[in-house]
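What follows is chain A paired twice: with chain B in the first complex and chain C in the second.
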Partner chain A sequence: MAVKSKSPVSKLVLAGLVIIAVFPIFWVFLNSFKQLVDIVSTTPKFFFTPTLDNYIYVLGRENVQHGLINSIVIAGSSVLIGAALGIPAAYAVARYPNRFSDDIQFFVLSLRFLPPVAVAIPLIAIWLDLGLYDTRTALIITYTLLTMSTIIWLSIPAFSRVPREIEEAAIVDGYGPYAVFFKVALPVAAKSLIGAVIFSFILVWNEFLIALMLTTSDAKTLPIIASEFTLLGRNVPWGILNASVIVLSLPPLIFVGVMSGFINSALKKKD
Partner chain B sequence: MAAIVCKEITKRYGNHQVVHKFDLSVRENEFVVFLGPSGCGKSTILRMLAGLEEISDGELTIAGKVVNDLPPRDRDIAMVFQNYALYPHMTVFDNIAFGLKRLKVAKAEIARRVRDVASMLGLETYLERKPAALSGGQQQRVAIARAMIKTPAVFLFDEPLSNLDAKLRNHMRVEIARLHQSLKTTTVYVTHDQLEAMTLADRIVLLKDGRIEQLGTPKEIYENPRTKFVASFIGTPSMNFIDMVVSSQGGNFVLTSGETRLVVQKVRYDLQAGQTVTVGIRPAHLEPAGENRDNNIIAGVVDLIEYLGNETLVNFALGTVEIGALLDAGTSPQIKQSCRLTVNEKHIHIFDRESELSLICKPS
Partner chain C sequence: MKRKTSLPAVFLIPPLIVLAILAFVPTIAAVNIALQNRELSFPNSSYVWLSNFIDLFGDRRFINAIWISVIWEVVTVTATMLVAVLLAIFLFERASPRMQNLISILFIIPVMLPRVSAAFVWKFMFNPLFGLINYPIKLLTGAPIDFLSLPATALASVAVVDVWQWGLFFSVIILKLLQTLPPQPFEAARLDNAKTWEVHFYIGIPMLGAPLISLVFVKMVESLRAFDLIYVMTRGGPGIATETLDMYAFSQGFVEAGKISYASSMAVLMMVATIIAFTVLWKWVRKWQ
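On to the complex of A and B.
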């Protein structure tokens, strides 16, 4: 980090904020290895006999495995398609502005202005008519609308920040518009673009409401499955819930890790 | 054969015309500088030469080929940008080699040529670094290397030194001059810095509002500015201007403004008695007047002195205008002392008050 804290007080404040942010996640992580009695005890327990029962239960359930695969396939595909279409679109808007550019940007984002319910209800009708209701295809296409609009919106400033002169230098060096995009604009903007891709992945990975309305059984995603654990009655299975939260949180973390590792290697690469 | 021929080149943005029928013929191996204040169209013309800007009207020929509709890559040019425009994600080596890679030049050949160019510019030890790890001067050298490696017919420089500090700018200016001496590549160089223009150019194209104000060698432009604008733009410190009234006296014109009286020969100037003109005198051409000299005297009480080392710039008021004179530091008057200066007639420039054109009819 470029910012250096100067006094011990500011370090203390920073540490306090980090604890506030991270502690709930840490507590969930801890609880996922506890027996129910250790969780519901009146004094919080930091030391206990860990158990894997919660994870065995969660991962052993067929609908969780199914939901996990659904989530990975749906979120992965919609991010991939959204990036493949959205990044070039953002470049076009940023580099070749015309009188519709502002409208395009607004229109793209207007999808996100509406409450998800307002988007989901007409989509239910469309997918039912097409016979695609409760399929991965339907969710992938729906989510692609979200990822693409988010990626376009976040990538336009990333491309605007690429100095025009660099691209002109490449043109003088003899490269055509596609080569300028792939060899110059894309790598120079990569850092911000990957941020946009990660953000859109997290958005659809955690998406709940639309998934709830567009799926009934086959295409259910992990957030829907996880929420169903709370419906098991008054005896809330806290351990299982905590374990499912961890299972739900791991893929985005892995994805962020892989992507930032990719950035680092791309930036350090000699050739 | 001329390397570049511009025939009535015009640039319009919508209804707004920024370059008006620009005519220029650049000779082979010549170093031409486009000089002018910001917004004069100099960079636009350069970008039209490069093919980065469309030519609205007119014809552009480079090396005998009309290139109006050719993309930059087919124009046999290379360009150095103001902000260096290096590819930040590539090493110095890749930056320099990028243009050759497109041409599918063999790897060994690329490496050889990059090393040749790098050694000419003292970049051998930096080839594996990224541009961000270089100083401004080094980055600009990489940009020049990237242009050189293609061995183009024409080099285009767009204010290449304006982002560097003063010392580095002088250093790089000398380097560019040396490079041109050894490579002899035809060069068009854009700057707003008259010192760069004077020291580098074979010929200067002085531009104002999209039109050529004057075209000539640095000496021609300095000694015989065609307009008041050219006279004020070229030379530091800048020229003094005094409004004076013309009267006729035998074979001479007499110019008066208050107490000040200048006498000039009629044959040299195209003046009318009664006319009000603007007289221009460079600070360097004012010199202390001898005791018994009584014509062409400019006198006043010194109100400001700027010490420059060998010389001092002495300022005093003459009527409503402030006059500057570059005098020898050893003998220059002190502040609040009166000073009495004179100027040789051949250094007196006279401009029409309305058209601002020079009224000298026989340049000396």
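On to the complex of A and C.
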């Protein structure tokens, strides 16, 4: 490689890029600890007396608590069902290729092409007719389509990367096909599979359009509740909005933190 | 693994049946509803066959929504790829390996945020009263610019958020791809006194042709999911300046009128268009790989 020149200009550009990437989020984080007067000041305030009022208000509201529970139950259940059905399916596609394998993979991928609005509109009618509109059950079933296809799609390469020799050695040791899956392939691929499962959790945790159209009160998830804070009265409660954005973003941010931990430990091993 | 076993059937058939039901029931229902005149506020409905579709093509708001969607798709995909490639090359050339790893983590954060959160984060940034973007503008010109309320800037401002999320994320992927390329062609070109941009433009980018096209494909699919951003930032406004197809279908089927059949006919057209486009593209992408 050529010598990397580290001129002050490129350092400055690098710093600028980092600021663009994370500063907007950090600013929301700061604002979530501010009183309203400190947010709507004529110059940006970096030093202020922090307050927890915004968080106390947000977390104390009944609809936020309800939305939080809904989000956890709905995302959790649909991910569990998606994983229970999707991980074995991915293993079968990866290890027992047949003449339909390509079609199956394309079918699973093509579910991602479906415009969400095209799924949501007919589902309004279907769930209304079944009497399940605005229930957690309806959202869990709908989201299972998302989690299952994502988990299958991400788990196929995870299983393909498991060295065949390990599985063949297990067969020689007298393991049946199911034992090979549960006792060998599953533990070896565990790390990538957990990544796939968490990713699908984030996907449905963040999902907005379908939840917006399939819920009106009882089954509202956290993103919907957060988006409604702008509608509170005539004075926009900026501090509260900032706090609710941070609460909503915590699970994905924690996920990035965990992932960076993975990356760091992987790097340390190489040294 | 060559022996006869029930495993593939047991592992594959139940999930595929569930997926097929979950995918086909709404799609078939969408077509069925689109052929009726169902409204959410009335219990009765009857078949009107293609009249919803005929109405659509006389609906100027629908034609506008198609345009906005096409513009959105082209602008966000192009801008994301440009930003990602340029940033990746810059990081590859000018950042130390440690810095590259740190930036890789930081650049993934925006795309992991819920889109609702990303939309609010930038709604605050663009705010004319106290948005950080408007402080320097106010200092220079004395008056703030309300980016999200001006027809000329609203769509571009929302696109900034999309590129912030995906451009940074893709730059990390492209950086990782650049790191895996063999160094010899680069060194040979440098010995021939090629400039840095020439090295990348004529050697690096062409070597990454296939994965870059896959990324374009992924972004095209993801750009169709911009509803959350637009809903939170502009609600399709000002007027109908940022009203994409899903936004218009949503407001027809849910907010303004509850004309669920009319909305459904839009959904059917979107579905047909995207499935045809992406199936053709996907087969084409696979040929490249």
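FYI, the second predicted complex is superposed on the first by the 228 of 271 C-alpha atoms of A that agree within 3 Å, B and C clash if a C-alpha of one lies under 4 Å from a C-alpha of the other, contacts with A are read in each partner's own complex, and residues count from 1 in each chain.
By our rule, a contact is a pair of C-beta atoms (placed from the backbone, for glycine too) under 8 Å apart; a residue touches a chain by one contact, two chains touch by 3 or more.
Please read all numbers here as calculations on a predicted model, not as lab measurements.
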item	value
Touched partner set for A:V184, first chain B, second chain C, both or neither	first
Partner chain(s) touched by A:A15 [first = chain B, second = chain C, both, neither]	neither
Which superposed partner A:I171 touches (first chain B, second chain C, both, neither)	both
Which superposed partner A:A92 touches (first chain B, second chain C, both, neither)	second
Partner contacting more residues of chain A (chain B vs chain C)	C
Partner chain in contact with A:P163 - chain B first, chain C second, else both or neither	first
Which superposed partner A:L209 touches (first chain B, second chain C, both, neither)	second
Partner chain(s) touched by A:L241 [first = chain B, second = chain C, both, neither]	second
Chain B/chain C common contact set on chain A	168, 171, 267
For the chain C and chain A complex, residues of the former touching the latter	1, 3, 5, 7-8, 10-12, 14-16, 18-19, 22-23, 25-27, 29-30, 32-33, 38, 40, 87, 90-91, 93-96, 99, 101, 103-110, 112-117, 120-122, 124-125, 129-130, 132, 135, 164, 168, 183, 186-187, 190, 221, 224-225, 227-228, 231-232, 245-246, 249-250, 253-254, 260, 263-264, 267-268, 270-271, 274-275, 278-279, 282
Chain C-touching residues of chain A, taken from the complex the two chains share	1-2, 4-6, 10, 13-14, 17-18, 20-22, 24-25, 27-28, 31, 39-41, 43-44, 85-86, 88-89, 91-93, 95-96, 98, 104, 106-119, 121-126, 141-142, 144-145, 148-149, 152, 167-168, 171, 176-178, 180-181, 202, 205-206, 208-209, 212-213, 223, 226-227, 230, 238, 241-242, 245, 248-249, 252-253, 255-256, 259-260, 263, 267
Touching residues on chain B, where the partner in the complex is chain A	50-52, 71-73, 77-79, 81-83, 85-89, 91, 94, 98-99, 102-103, 128, 146, 150
Residues of chain A touching chain B in the complex	163, 165-166, 168-175, 179, 184, 187-188, 190, 267, 270-271
